[in-house]
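There are two complexes below, and they share chain A, which is joined by chain B in the first and by chain C in the second.
Moving on to the complex of A and B:
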């Protein structure tokens, strides 16, 4: 692993070198919420001045760039009972992600396991993922963050370079050859012992700021044992079945497929849309039978998939603890509270 | 210095089917070569992959399913109902149930459809060599079971005693009536029952479990030591049937059932077919009964 340090002003010229010949996506401010706090989002960025590297957590994850909400899977040209299928993976150039937090990088690493690493890798995701240049950046834990409990507060891989703010300088961890080469455009130096000490101090200060914790000890077994527990019914009574939680979640990837014929009757399209397991018809089949007709069974399934099924398959949970779902839920349903209540703890 | 990142085209467009990534949306073009009306609700479609080489290399096992696509209308999973020895010249027994299936019922012979697959687990036929077999179906469950029946017919000497037990609500709903004589001609015992007989019905009446009770009383306990069962039908049905079979000390691992869930990909990606901690399309649709007992929400 290669570490470097560079003066903060250098980052602007680094951005400019990248942005001059590539598409850059990064965190920007998009207005204020009702408490007057800035709302952040990942958007295309042309000017360094628009970037908000001090951002908290974006409302929506960056997933629309690699798992778009709606995406065409294929199109057909139709002709007298015959057809031809054209498949496009909807990307033709790399994207640079300037400033992803560790939770969002870890979310990608989890998605990689199921969408790239399992049987039947998914090309629509693969092509986009293989064309991401990721610059990670350290964050300040917010009251709703519990990434540390989920083991996602540091990113070990899945990025090209990672920045940590040391006040007047950035400490950079370099993972890819292309990052190493691109950094030749700016003045960097090898870190000295003092930088290492400084880095460790910053990291331990960050760790001390976490206030929300989730106890995941034995959680897979507890979810099995408490499958019929009344607490699910209580949460289910509050849940609106709106699907927002999956929409804002950086690791939710379930989808629906929809085909339609255009008005000329000569072309048809097959689209994929992200879906949510809390929405009423998620498990409904032809003839009207619904395998999960009640809201509580669907909400429970969302937790069961993330904290039980995925753990069985990949030995880690499908939640990075970013807290987005809890922040966006109109019913105030948060992961730490749901899990604590399933564990029989007072909430 | 070149700072423009190069585009990494990970799917080789020329070799889509051979490349793992290209396989994902690869669709065989196939032709509906015949449509046979089985009942008022179900048709049997014979569907042949157009390219002769692909037709030969398309192999599957009884119990597997494919995704059938009508461009612009939709795509849905169907069990392959024909013999695996016929490769990419398959038969699907399809009930009119919704959008795609109703549209399909109006499509003329010769129409071109798309096929992806085959997907999912299968009945482990070779494991059952030398054993007695119960092949049990309720209603449309006969569609996947018929592939296993064909396999047994073609490899009859590999199996010991074979029983087919089949039940529907009414005689008019019986599928594949024209094949019953061919099955019995291959030394397979066929027992059929209906819930609600009509005046012309001369066979047995009642539930499948009733037939099983009769068979239990006719055979001695040693028979069940070397017996496997394949049970296809709605969960209430296979639950009762499998529980009865456990009374004869048949291990749950020797009983196979097929689950049905909503499916949009067949490849463990859309999550719609999730059951308990796993996916019906990947770890199923064929599960042994022990596994099903341990999956939440499976029954």
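Moving on to the complex of A and C:
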């Protein structure tokens, strides 16, 4: 692993170098909420000044750029008695992600396991994922963040370079040759012992700021034991079945496919839309049978996929602890509270 | 509009069923029918899929010979009951077209008041026949509902295409929030506005929230809508019971729940 440091002013020219010939996506402010706090989102960014590298958590994750909410998988057209099929992976150039927090980088690594690592990789995701340059950046834990409990508070791979704010300079961890070569465009230097000390201080300060914890000890077993627990019913009574939790989750990848013929009868499209296991017809199969008609059973399975099934398959959970689902859930259903209740802890 | 006696279309070499359709309106604003005429780009395609034999909004000729009747509006008068029964007799398939036809729509708001008071308030002394507002299904059997105030033309076109191709028409069962998130909107609750999106049937592509206005539930309840929780959320977000009631009862889709809520409120007011 290669480490460098560079003065903060250099970041602007680094951005300009990248933005001159690439599409850059980064955190920006998109308005204020009713408490006067800034709402953040990942958007295309042209000017360095628009970036908000001090952002907390975006409401929606960056997945809209590699797992769009809606995406055309194929289109068909009838021409002169014959038909033609067009497939587009819906990306025309690489994306540069300028400032992803560790949770969101870890989310990509988890998505890779399913969407790239399975027997049938998903080309729509793969093409976008393979054409990314990721600049990670450290963050300040918010009251709802529990990434540390999920082992996602640091990213070990899945990025090109990672920035840590040392006050007047950035400490940068370099993982790819493209990052190494691109950094030649700005003035960097090798870190000295003082930088290492500073870095470690920043990291331990960050660690102390976590206020929310999730106890994952033996969680797969406990979930097994508590399958019939009453707490599921209680959470189910609150759940709206609105699907928001999966939509805002950086690791949820489920989707529905819809085939439709255009009213001209000359064209048809096959579209995918991200779906959620909490939605009423998620487990409805051909013939009409619904395996999970009740809200509590759907909500429960969301937790079983993330904290039990996925752990058994990949030895890690499908939750990075970003807290987005809880922040967006109008019914106030949060992962730390649900898990604590299943464990029989006071909530 | 010229219904045109075109040859039936084929799809992948198979001749299609080109139904004769009629459009009718009871008590309504005719906005739903207008939605259809609005889309000039696809109007011709629409007309090649169906043979329109009755459409007062767009043509002079009338015929009682149709297979599918799209009925807009709610039932508010005695003579409308007769007309509706007649349409039902003529049509193989009767479609409740828009929220007035499906649930009574905005019109049903008057059911809360005494008929005499309403008549007097709206029409003064002029003699007018008006009764309680009912959805079509209170009078005749309805085969298909197309929700929305107004209906969404893209959805209607999709349904027509499905009918022409002999495919099952399936409504979205999920609530508006699904589409709202797909449209990457900021949730209105985040900015302090009320919204019925979590309990309202999707399919409008989150029309109102995308335009920064909270949902009023015009498409009626989503399947498995959790209204008790919706009520709590509205309260927690500082909206008065009247704000909730106004929205819940606006289009008639949540009538059972609205009635309960109104009673609860009446008791506590």
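Rule of thumb we're sticking to: the second predicted complex is superposed on the first by the 338 of 347 C-alpha atoms of A that agree within 3 Å, B and C clash if a C-alpha of one lies under 4 Å from a C-alpha of the other, contacts with A are read in each partner's own complex, and residues count from 1 in each chain.
Convention: a contact is a pair of C-beta atoms (placed from the backbone, for glycine too) under 8 Å apart; a residue touches a chain by one contact, two chains touch by 3 or more.
Only a predicted model underlies this, so the values are computations on that prediction, with no experimental measurement involved.
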Exercise. Identify the partner contact of A:260: answer first if only chain B is touched, second if only chain C is, both if each is, neither if none is.
Key: both
Quiz item: When the two structures are overlaid on chain A, which partner does A:211 contact: first (chain B), second (chain C), both, or neither?
Solution: neither
Quiz item: Any idea whether chain B or chain C touches more of chain A?
Solution: B
Practice problem: Pick one for A:92: touches chain B only (first), chain C only (second), both, or neither. | Solution: first
Quiz item: Between chain B (first) and chain C (second), which, if any, makes contact with A:197: first, second, both or neither?
Solution: neither
Practice problem: Considering only touches as defined above, state whether A:2 meets chain B (first), chain C (second), both or neither. | Solution: neither
Quiz item: After superposition on the shared chain, which partner residues are touched by A:291: those of chain B (first), chain C (second), both, or neither?
Solution: first
Quiz prompt | Partner chain(s) touched by A:309 [first = chain B, second = chain C, both, neither] | solution = first
Quiz item: What is the contact status of A:238 with respect to chain B (first) and chain C (second): first, second, both, or neither?
Solution: second
Quiz item: Between chain B and chain C, which residues of chain A are contacted by each of them?
Solution: 260-261, 275
Practice problem: Spell out the residues on chain B that touch chain A in their complex, using ranges where they run on. | Solution: 1, 3-11, 16, 20-25, 27, 29, 69-76, 97-98, 101, 108, 110-112, 114, 260-262, 264-265, 267-272, 274, 276-278, 282, 296-297
Quiz item: Which residues of chain A touch chain C in the complex?
Solution: 30-34, 39, 41, 59-60, 64, 69-70, 237-244, 247-248, 260-265, 273-276, 279-281, 293, 295, 328, 330-331
Self-check item: For the chain C and chain A complex, residues of the former touching the latter
Solution: 9, 11, 16, 42, 45-46, 49, 157-158, 160-161, 164-165, 173-175, 177-178, 181-184, 186-187, 189-192, 197-199, 222-226, 228-230, 233
Practice problem: Spell out the residues on chain A that touch chain B in their complex, using ranges where they run on. | Solution: 17-18, 20-22, 73-74, 76, 78, 81-83, 85, 87, 89, 92-94, 96, 114-115, 118-124, 126-127, 130-131, 133, 178, 181-182, 184-185, 224, 227, 253-261, 268-270, 275, 277, 282-287, 291-292, 297, 301, 304-305, 308-309, 312-313
